[in-house]
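Chain nomenclature is as follows: A, B, C, D and E, assigned in order of appearance, with residue numbering initiated at 1 for each chain independently.
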Amino acid sequence: QTAGPPIRIGMGIALSGGLAAFGKSALLAMQLWAADVNAKGGLLGRKVELVFYDDQSNPATVPGIYAKLIDVDKVDLVVSGYASSQIVAAMPTVMQKKKVFMTLFGLAANDKFNYDRYFQMQPNGPVARTEFSKGFLNVAMSMDPKPTTIALVGGDAEFPSIALDGARENVKALGLKVVYDRTYPPNTIEFASVVRAIKSTNPDLVFVASYPPDSAGMVRAVREVGLDAKMFGGGMIGLQSAALKTQLGPMLNGVVAYDLYAPEPTMKFQGVEDFLTRYRQEAAKQGVDPLGFYIAPLAYAELQILGQAVEATKSLDDAKLAKYIHDTTFQTIAGEIRFQERGEWAEPRILLVQFQGIAGNDVAQFMEAGRQVIVYPPKFKSGTFKYPFSAASK
Amino acid sequence: MDFSWDLLLNAVASGIMLGGFYAAVAIGVTIAFGMLDIVNIAHPAFIVLGSFLAYLSINGLGIDPFLSAGVFAVAGFLFGRVFYRAYYYFFERRGDDSLQGLAFFFGIMFIVEISLVLVFGVDYRLIDLPYLARTYEIGVVQIPLRLAAPCVAGVAMLVAIQLYMSRTFTGRAILAVAQDLEAVRFVGADPIRVKEIAFGIAVGSAIIAGVLLIVIQSVEPSIGREFIGRAFAICVLGGMTSLPGTLIAAMILGIAETMTSTFFGPSWSPAVAFGLLLATLAFRPAGILGR
Amino acid sequence: MQRHVASGRAQSGDPPILEAKGVTKRFGGFVALDGVDFAMAPGERVALIGPNGSGKSTFVNCLSGALTPEAGSVRFEGRLVTGMPPWQRARAGLVRSFQIPRPFRRLSVIENIEVPLNFALAEPPPGGKAQRALEILESIGLGAKAYGSPKDLSQVELRKLELGRALAANPRLLIADEAMAGLSDSEVDEIVDLLERLNAQGIAIILIEHIMRAVMRFSQRIIVLVAGRKIADGLPGEVMRQDEVERAYLGQ
Amino acid sequence: MTVASHFSTPSARRTPRAFSLPVLLVGVALVALELFVGGGAGEYYLLLAYVILQYLVVATGWNILGGYAGYVNFGTAAFFAVGCYTTIALQKLADVPLPLSILAAGVVAGLLGLGTGYLTLRLRGVFFSIATLAMAVVLQTLIINWSFVGGARGTYILRPDPIAPFTTYVQYLLVLMTVLATASVLIAIAVERSWIGMGLAAIRDDELAAEASGVPGLRLKLIATTLCGALMGMAGAPFPYFITYVEPASAFSLAIAVNAIAMPLIGGTATWWGPVVGTVLLGTTQQVLTVTISSAANLLIVGILLVVFVTAAPTGVVGLVRGMRGGRK
Amino acid sequence: MANSISIERLSAGYGAVRVLTDIDMHVASGETVALLGTNGNGKSTLIKCITGQVQPTAGRVSATIDGVEHNLAGRSTQDIINLGIAIVPEGRRLFPKLTVEENLLLGAFRAAARPRREESLAFCYEAFPRLRERRTQLAGSMSGGEQQMLAIARALMTLPKILLVDEPSVGLAPILVARTIDTIADLKQRLGLTVLMAEQNFPQAIRIADRGYVLVHGRIELTADDPQALRDSDIVRQLYLGGA
């Protein structure tokens, strides 16, 4: 039996608006964690309760939500919603109250604040900027003959901008020639013009940094227009979700994309498969991403870490928790996690996967190994990289 | 980008295809906003509703949405009529001007959007029609069916509605009703019924535009917001009350976007497209085919 | 072309208060005004008549600035006003009323009068604006409805309001575009009386009217427009006897 | 008939004068009160008040053009964002203190308003509205491509330490916003009761007739667009410090555009207190719903409330109250 | 067949303001009846009671169309128009942004009029050649007189049995006043209409009227069974011919 009032964990999270797809998926994972913990008797013998409010994908609602969570609801712990904008909007309030802040997918959000109780779950590592293109370029340079030219394209938004900045840096270091470097505005519908303009510059590599609807738009346009590049893909958010995978189906073959998890033999962390099974049962009901590869395991792991810290320090004291989290290497369903001083993963683990052998639009195939072959980093490599793009597309 | 005829022709072709789809999006705005003076800011929300109906059609019932679109459009038409009745009852009957309705439609927009979230969830939805996965080539110009089919459907819908407006009595009465509601009675027509039918057509067209949207790209409940600006801009650029004007304006916007995208960098295409609108308004304040 | 400047306060030799030369206005291909010349002396009472569609209202619009003519010039009290916005002309004393009443519907009747009092006058009226507004309303017989809405006025009352609003602008030249259409004989007389009182104060008046009784009673000079051209300009009696006028306007 | 209740008698037109002192006093009292409330549980309420007052400024600004002159500005978010980005640019350039940034934002956004006014002076009614919408899109594109202020990736604006009498920075922000809100309401009152207000009302009803009555239409419209722009810009100026990270999407947010229009409409557009009532009602409701309902349903309820509000009181709460006071109808 | 209007003990007004009191009136088949009275005496209101724009507070309004009697009270304007009663309303009420021809075609909206629209159109153009010249001009940009013609023509397009005309001469040049009144008489003859015409212009109205009523302050002060009786009446002399 549990004793004492529940331990309350508060957050604002996008349940409506443009970020809701990820927000809801993350929330579901966290709710599963709460259920798991409560089934085992809670934390410190107390039940765990999530207190969450819809931030409507609008960061302007966030300061109020966190002030309310901390001052009025008096939650014991806070975690962030998805993503950078919302995290940063909460930072002043959270910092003022000196709360430990576990965050979901903040891009270098703590670089300016240097808050020592900030911990970030996306495995970007200390230098997020360059990480999203590192795998891509690394694999690209392994091709024979070596590529010489690259096209960079991405959306006019935070993540794509940062990923492109990093890509430019990496490309420069490698001495590749940039033949196309343009961005497209949010809510672009027609990507054929973009792809045609890229094609006319004849690049060896095409690196894309995009959000879900444009990721799909780009892939489709590439198939419709045709592209002779040796390698195509990059930091394309959305290709991790079942919705786009099933929509695009065989069009994905050959595309390389960054990912955070793939059901490959190299990624069989403790508990993750069990988690995904349970997640999928719920997700189908709620209209949330039914695969759950992208954000869900990390959201679950986030609370695993917080929970472990509470149990280990036997305390809800933010200072103690922060110290413990800094000092510990955690084994989670998302693998082994250790944080560096600014709260990023000490070792980045951005994967690069290549879609191979996709046939039809059935969702089940994406749960199998061998369809999203990990080609980078070497530690998790699960198959061979196929190139050029046209050949890999078969 | 370096110039080439190949790129130019393709940019124009893409622009036209995009324009055809934009036209479908803007038809309902031209009818409701331009002709009936109803500032239906929730129009894009109705479009997204149409997308989800299409999704339901193929994934729930296994029926090609191009086949069921007609049924949905009729449902939208009837819904639009009921909806207009309510709008009439609460606003027009009392003689309030259309501005009053604006807040009302903002409310409707949220209601539709969140209802979709609650029913369908927040995930991106799309439909896959294998027969549209083809790309035809005419000379150097590539015509992907995924864009061409919605364009053709959009233009066909516009032409059909335009014929209805100019050739039928009810159609002409729709054009008249915005100008002098009471006077429509003097020719023996019931203006409320006329407006009801017109609004029904507007909503019906939104539903079809939604079907076309989900053929073109993936859709989530709040995506309609992105179309508010474009839809209203096209309506105004076209001259408010003119469907042919709407078509021309949609094409212009589409071509401006693809040309900018091809030759100057896509990032500037909204600025060019909407700058064009501003310039047009500055030199021809009544729009292209404004009366 | 003879120019008659009859008695009243006007004296021949005064520089004209209004002088329009070669005013031309086209709508698309259609020529609504075709090189109309027109001059009038301060304090003069002129009637502008012509068949429907002959361009009278269009001419007024060109004089008041609501339309810009394609060619020609308009001088008011010696100043070139072509290209001047309507409100400046109103402030200068060139004021018009509209053929179809255009009240400010969401303002009260008295506020309708206060608008020109606030904007068209060089200095506030002696005794205050509210006072002056009431005076004007009394003088046009709308005193009782001062605080009501124009929505509740009848057509006639709207026409009176239209005139009252023009008066409030303290015109030097008043252009009344069919101020009497639809009024009863006694009301027509009332308005003619009112206009005469104003004229006695030195205001020049252009009357556009189809009610010949009023035209004949009021005007010192008549100008006839037909199809955008001036076909006659002279003393009322003479003009009315001209064949051309009879054919084009009076009938029979 | 109850005509008199709908139309201001001469005394009714003068009433705003009687209100400006109380408004000023309320403003001063609020500032004094805020200085006592520091961190702790108060912080939430300070933030809540900040958001509502920010909308009050926006709604009041919108109403000067939309309510008084009948020109519906759809580009509110652009003016707000210009205020935001003025602060950001000045902060990057020279670390300019916030009160100065607010004034600068007022000037920049006011100039933008003036420019819009000039560009669109030939446009009446809906054409003007759409032109402002187009202007917002163009501006957003410019900002997206202007890397000095962060471009598409956004930029961080960290809050400095609070200055002397203030114990937290939020308190400081709120006091500034309270001053701004008080000022904007006073401006609205001044406009409403002056010749400007009457001229704008005449323009709203019939622009041609107004000009014929000597109303300098263009000049008054320019005054209104400038004031409207300046107030919205000033409302946006402190926003970067409020959310600390600004990207174009959050500065040009739909919420701003919706609220700027919905709040005056709910309250009533004919008087200065319409937007005040509307903001307090809708703003409070939104804020409270956000932190009480833990699902997307809060936006649903906002939507339903909007619909209910405007259907129950189509002339705004002000109109409703007047109607009730006037007896029948 | 018989087409007539009959009004019994009718009272009507706007809100608390009573405009018409105890009106009894009859327009028999094939007659042209003039409704006289100076401004604000209720002529338009009476016509609006017939067309359902104003609902009477008491009394009965009925019309007989092709021998069938219809009670008009409580019916909507469009229903009444559809019975075969057309109106040329006060202020013309055209569709300013539609062309002349579109305005006319709309006139044939009525189910009974639709099949014969081409015929009616030809008739109207023949009766008003000016309209044919201006068929593509927007109605709103036409002069007052042209608009009046269009309003009459539009009413004819509904193929009415009974024509109600509210002050056709307002705002017309003298030459057009006479011509318009003649046109109405002519149309009546050619189409076999029953006409009720509200008019202030007594001398013109009397030229074509078979009978007349004079309204003063919302009451019928005179019922004249022939034109001469109207001319001879004291009231008319007082009101129109400058007596008193």
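Points worth noting:
One rule holds in what follows: a contact is a pair of C-beta atoms (placed from the backbone, for glycine too) under 8 Å apart; a residue touches a chain by one contact, two chains touch by 3 or more.
Only a predicted model underlies this, so the values are computations on that prediction, with no experimental measurement involved.
Note on connectivity: the fewest steps through touching chains from chain A to chain B is 1. Contact tally for B-E versus B-D: the pair with more C-beta pairs in contact is B-D. Farthest chain from chain E (centres taken as the mean of C-alpha atoms): A. Chain centres here are Cα averages; for chain C and chain E they lie 31 Å apart.
Chain C and chain D have CA centres that are 43 Å apart. Averaging C-alpha coordinates per chain places the centre of chain B 48 Å away from that of chain C. If you average the Cα atoms of chain D and of chain E, the two centres end up 52 Å apart.
Residues of chain B found to touch two or more other chains are 113-114, 117, 122, 267, 270. Across the assembly, chain A contributes residues 15-16, 20, 156, 183, 185-186 that each touch 2 or more other chains. Every residue of chain D that touches chain C in the complex is listed here, in rising order: 1, 3-4, 6-10, 13, 195, 198-199, 201-202, 204-206, 208-218, 270. Chain E contributes residues 51, 53, 76-78, 81-82, 86-87, 89, 93-98, 102-103, 105-110, 113-114, 138, 154-155, 157-158 to its touches with chain B in the complex. Those residues of chain C that touch chain D in the complex are listed here as 64-66, 85-88, 90-91, 95-96, 98, 102-108, 110-111, 114-116, 118-121, 130, 147-149, 152, 165-166, 168-169. By the touch criterion stated above, chain B contacts chain D in their complex at residues 33, 39, 90-91, 94, 96, 99-104, 106-111, 113-115, 117-118, 122, 225, 229, 232-233, 235-236, 240, 267-268, 270-271, 273-275, 277-278, 281-282, 285-287. Chain contact summary for the complex, chain D toward chain A: residues 39-44, 46-48, 51, 141, 144-145, 151-154, 156, 158-159, 168-170, 239, 242-245, 247-250, 253, 255, 287, 290-291, 293-296, 298-299.
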